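Presented sequentially are two complexes of chain A, the first with chain B as partner and the second with chain C.
Take a look at the complex of A and B:
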């Protein structure tokens, strides 16, 4: 009898658990609902709409429901017939490679330096971080004057050193390196802080053990610091690549709409011009979708490469 | 286990970051459409009690704007302009308030920066009620008309525009043989020069021909001891489509060329007269008559001797040029020997949204705003001359403000209006203009030969025209 009662009790408890589970699940769903709603409204929804518009011809003046269907025509045009899209894509990739590499190396170097007992360490950190929190538009205007071929500061300094003056942003060849320099100056402090956080998370006793074993400073950096910094390196690589591939404000202001002669025009700037100056929203959204795919693939590749080494 | 858990979370986080970042590209583009930037200086007139007003949505042009001045209290008109600077509002707002007091109609004046205006208009219908009245650049008309954004004016408005505005301004407000609103400010391009710098260079009078332009540019360029150009003889504006293409078109017309065929089926700027102009410009640069590193601000700072620009620049020149505005001279666009100087002009105009529920009242307001009052000037004429420092396009306004327009800097622009031609208002004009700008710059920077550059721009333009013609 007891066993029957016991069995019945366990069935009841199991039933109660089954009844409770959905309530617990519902509570969980309720907790994530605001985030889900936010994600659907502001990320997934617009993204799906972007893909939908990219298959149409739309100037934003006519109702959405009357957009003429174009299928893959916008993609075909951009890939096969639009030399400017290819040029802006090349510019964007060149900018991203240069910016990510230089910024990563410089910011890591600065972080290593400021992770030692250097004097006025906090002040240096603040100084390097300041450009990151300065308005890019203001920075662009100031740098534009610094780069002025006639009375800019840089050519003044070059003149004092007996070196020939440069054209900087007024030259098709030098405009892109000049823009990369400003981007590096702007971003290096931020990534330096990330690397500093990573460095300070590495336990000191590991270094002490390595030193006891006779490892020199290069060996400690190569075989200990770098592997232990891999998560930070991965984060910096992904975040700076994302930001570089979406560069807009610097070419918009520093080099006056991606000039000279499109030398610094980027995909996002061209996308903006196509959407809002030429009112070709279908073509602009097709660019957005392609840029998304490129960013997606590059970042997956970065994750895979860095993960394989773990 | 703890480490594994951390690594997994990081991967998930980064994976999501990839997806979200990519989505952000598209989302930000769409968000920009749906959420127009806030006005640079929002200026709403004092709120008044509102009551629903039934007004027909006019699809075709009514025969007349509703006859005058019975107060229609409770009605609100939304007016969108790019006039948000405090100097401008100080003059414009009392004018709008005067109309409110006379009629009981509330004017909701919304302003955005010029760079945001087209975006605000195009996205206006997506994000709630669109404005009733727009003030817009005439180059946008083909897109607006093609998308049924604008309502044709009543016939009495059309008749008034034809009668009371110069032909150039009437042309500037016309597309497909239809006038689309009231022309407001008019701007044309002339040669602007620094008197002192030309004099120092031994150039006694501003260049009148294309050859003289090249010669004067070379003479007026100065180099420092280090060999660097410290003063440019001619200032080429770059990185800005109108700054490149408007001077080019003025020179093209003054050289006997055409921008496009009369039926707008193809462009013609790549023919010999256009090629001569781009070749002249590249010659000036190659021969040291211009340095492309100089910018608009350099003329204001007294480091450039000549440029081709529009009258609206006067306000900046008055504030900044060394020696004051009296040191700035204005001369006709240099023309081919024996040719006629033909500057480009462009207009702005008022138009009414086709879907406006208050279109009748909107036209009535615009009629009041643009019609002469007791002083002989329209309220718009008063605003344009005193608030905006611009040239009003209504002939009677030009007469009423002759004292202002007789200013030494402004008068040459007014005098040149009869010879000015309106910027070609063709479908895809903005896209064609940007493409031409980039190609001309490619020639300036020796990336392309002038012929190659112009042929590329023409090929691009003809493709755009064809696409637009096919709808």
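Take a look at the complex of A and C:
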């Protein structure tokens, strides 16, 4: 700390400022230093290390200094020779698109509904929000049993209605839609609350003016609510896309590590398996880097879209 | 709109809400009901809606299968420690960035924003390596320490603290208060709402966290609730396992729902606050 204080002091003296400032600058460093040291140790350093390992072969047991250099071989292998990586990537993108679209539309609809004159609004809000705060693991176990082909609730209800039973998470075709359904159920209340907050920030008198001018409810929604909600829409789109692309808990437990036959395996799950079941750290970190780049580009794109429309 | 149309629209609105609410609550309802069923009731077709006699012994079986009390204690220790760490580190650094001028401040804050953009899975392997080098695998500190600082928390607190009046802080300085005393006695009480929102988000997130505990926990002694529940998942889904799994999920979820019911307003406000700030 002494040296930091000294350095800050000399800089301030060089600037010939008031005598009180050095103490303030030193205090500023003291307030931010502990957190920054942590971020370097547990975030920025690891980020650089991830990129470094992705260019090497490593099993995490041999010393870091001796890991053999592989250049872009891990990336080439994953992109060109590993059909499972491509499959997990396709699965992840398909899951993200379906989840983001369905969840945003439903949560916006619910928010619009709850933003009108509704009795017991906070009760409805609480009910839709409930799943979000529960453990994904517990909820995945419950849903896996709801989907059970022989003993599940859903096939029981279909049976009562005289309809044929479905295989849900046990079939390659239905596993992904079944997983999306759970994700929508989990997230819809959270995004609904974000939309509600956005709606409540819109002043009511502009609607009154539009109604006087003869705008019907669809016109008011399309030309007033939607444009004014743009910041919230963007935030929801970014947050739900990022969360969907990183999906791990759900396929790990709901479909027992991405089954059946990898129909619900995702990039982060495959990365976990590559790293901790097969100890191929080079390939696993290369997956992490590629998915990170995708996430980064999508975030930039979405931010840019907002700016343009504003 | 005529009176008739209006009441029709209103009826439709409540119909949609009721159907939606049933869909949201049905999994919870079935979780509790199935946890009290005998295996033959779970197998029964046509479907049985309620157990003839609630099989409370399913919960006794659950307590033998997994260390419930220990799991709760572990989750409580780990989540509380992480949350307190995040509150302290975020408010300290947020205050430093919001209210002090020092050389390099903006560059350092950009560094924080950069880490905000990087999701946790990117760090997973290196952080595991760091923790294993520290010999912290399968320890509380291994579960806690890597998470006690978050770029998001620093960002949130800094945004909130920008609006604090400088005159107030300067008045305290003139009165001779130390910088830390100003932070502790004046700043912290003023940012209560932001701290509350951050605490709720951090607590919920880490209470339910799965990936990091999955990687770091090796022994049953350290199992948090999600990890303990996951150990029930490895059995084949036979009826006598299904009611056990449902009992496990019930034990994990019901207390969280009770806490939520009590603090609902805080949850909603906290989430709305962070959404608007983001």
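Note that the second predicted complex is superposed on the first by the 271 of 310 C-alpha atoms of A that agree within 3 Å, B and C clash if a C-alpha of one lies under 4 Å from a C-alpha of the other, contacts with A are read in each partner's own complex, and residues count from 1 in each chain.
The rule is short, and it goes like this: a contact is a pair of C-beta atoms (placed from the backbone, for glycine too) under 8 Å apart; a residue touches a chain by one contact, two chains touch by 3 or more.
Computed from a predicted model, the values in this text were never measured in an experiment.
Trainee: Between chain B and chain C, positioned on chain A by superposition, is the outcome a clash or a fit?
Mentor: With chain A aligned, chain B runs into chain C, so clash.
Trainee: First (chain B), second (chain C), both or neither: which does A:275 touch?
Mentor: both
Trainee: Just checking: does A:284 make contact with chain B only, chain C only, both, or neither of them? Give me first, second, both or neither.
Mentor: After superposition on chain A, A:284 lies in contact with both partners, chain B and chain C.
Trainee: Quick one: classify A:61 as touching chain B (first), chain C (second), both or neither.
Mentor: So A:61 only meets chain B here.
Trainee: Touch test for A:34: chain B only (first), chain C only (second), both, or neither?
Mentor: So A:34 only meets chain C here.
Trainee: With both complexes overlaid on chain A, does A:261 touch chain B (first), chain C (second), both or neither?
Mentor: A:261: touches chain B, not chain C.
Trainee: Tell me the contact category for A:101 with respect to chain B and chain C: first, second, both or neither.
Mentor: Neither chain B nor chain C is touched by A:101.
Trainee: Could you tell me if A:46 is touching chain B, chain C, both of them or neither one (first, second, both, neither)?
Mentor: A:46: touches chain B and chain C.
Trainee: When the two structures are laid over each other on chain A, which of chain B and chain C touches more residues of chain A?
Mentor: C
Trainee: Under the stated touch criterion, which partner chain does A:112 make contact with: chain B (first), chain C (second), both, or neither?
Mentor: In the superposition, A:112 touches no partner, neither chain B nor chain C.
Trainee: Which partner chains sit in contact with A:210 here, chain B, chain C, both or neither? Use first/second/both/neither.
Mentor: neither
Trainee: Residues of chain A that sit at the chain B interface in one complex and at the chain C interface in the other, please.
Mentor: Chain A residues touching both partners: 42-44, 46-47, 49-50, 53, 60, 148, 150-151, 159, 235, 239, 242, 246, 256, 268, 271-272, 275-276, 281, 284-285, 288-289, 291-292, 295-296, 299.
Trainee: Under the stated contact criterion, what part of chain A meets chain B in this complex?
Mentor: Result: residues 42-44, 46-47, 49-51, 53, 59-64, 68, 148-151, 155, 159, 165, 167, 170-172, 231, 234-235, 238-239, 242, 246, 255-257, 259-262, 268, 271-273, 275-281, 284-285, 288-289, 291-293, 295-296, 299-300, 303, 307, 310 of chain A touch chain B.
Trainee: Which bits of chain A are touching chain C when the two form their complex?
Mentor: 8, 11, 21, 23-32, 34-36, 38-39, 41-47, 49-50, 53, 60, 110, 113, 116, 118, 122, 124-131, 133-139, 141-146, 148, 150-151, 153, 156-157, 159-160, 185, 189-190, 193-194, 196-198, 201, 232, 235, 239, 242, 246, 248-249, 252-253, 256, 268, 271-272, 275-276, 281, 284-285, 288-289, 291-292, 295-296, 299
Trainee: For chain B, which residues count as touching chain A in their complex?
Mentor: Of all residues in chain B, those touching chain A are 7, 10-11, 14-15, 17-27, 29-33, 118-119, 122-123, 125-126, 143-144, 147-149, 226, 228-230, 238-240, 291-294, 303, 428, 430-431, 434, 438, 441-442, 445, 447, 471.
Trainee: Which residues of chain C touch chain A once you look at their complex with the stated criterion?
Mentor: These residues of chain C touch chain A: 13, 16-17, 20-21, 23-28, 30-31, 34, 42-43, 45-47, 89-90, 92-93, 95-97, 99-103, 105, 108, 111-112, 114-115, 117-130, 132, 145-146, 148-149, 151, 154, 179, 183, 204, 207-208, 210-211, 214-215, 225-226, 229-230, 232-233, 237, 239, 242, 245-246, 248-249, 252-253, 256-257, 260-261, 264-265, 267-268, 271-272, 275-276, 278.
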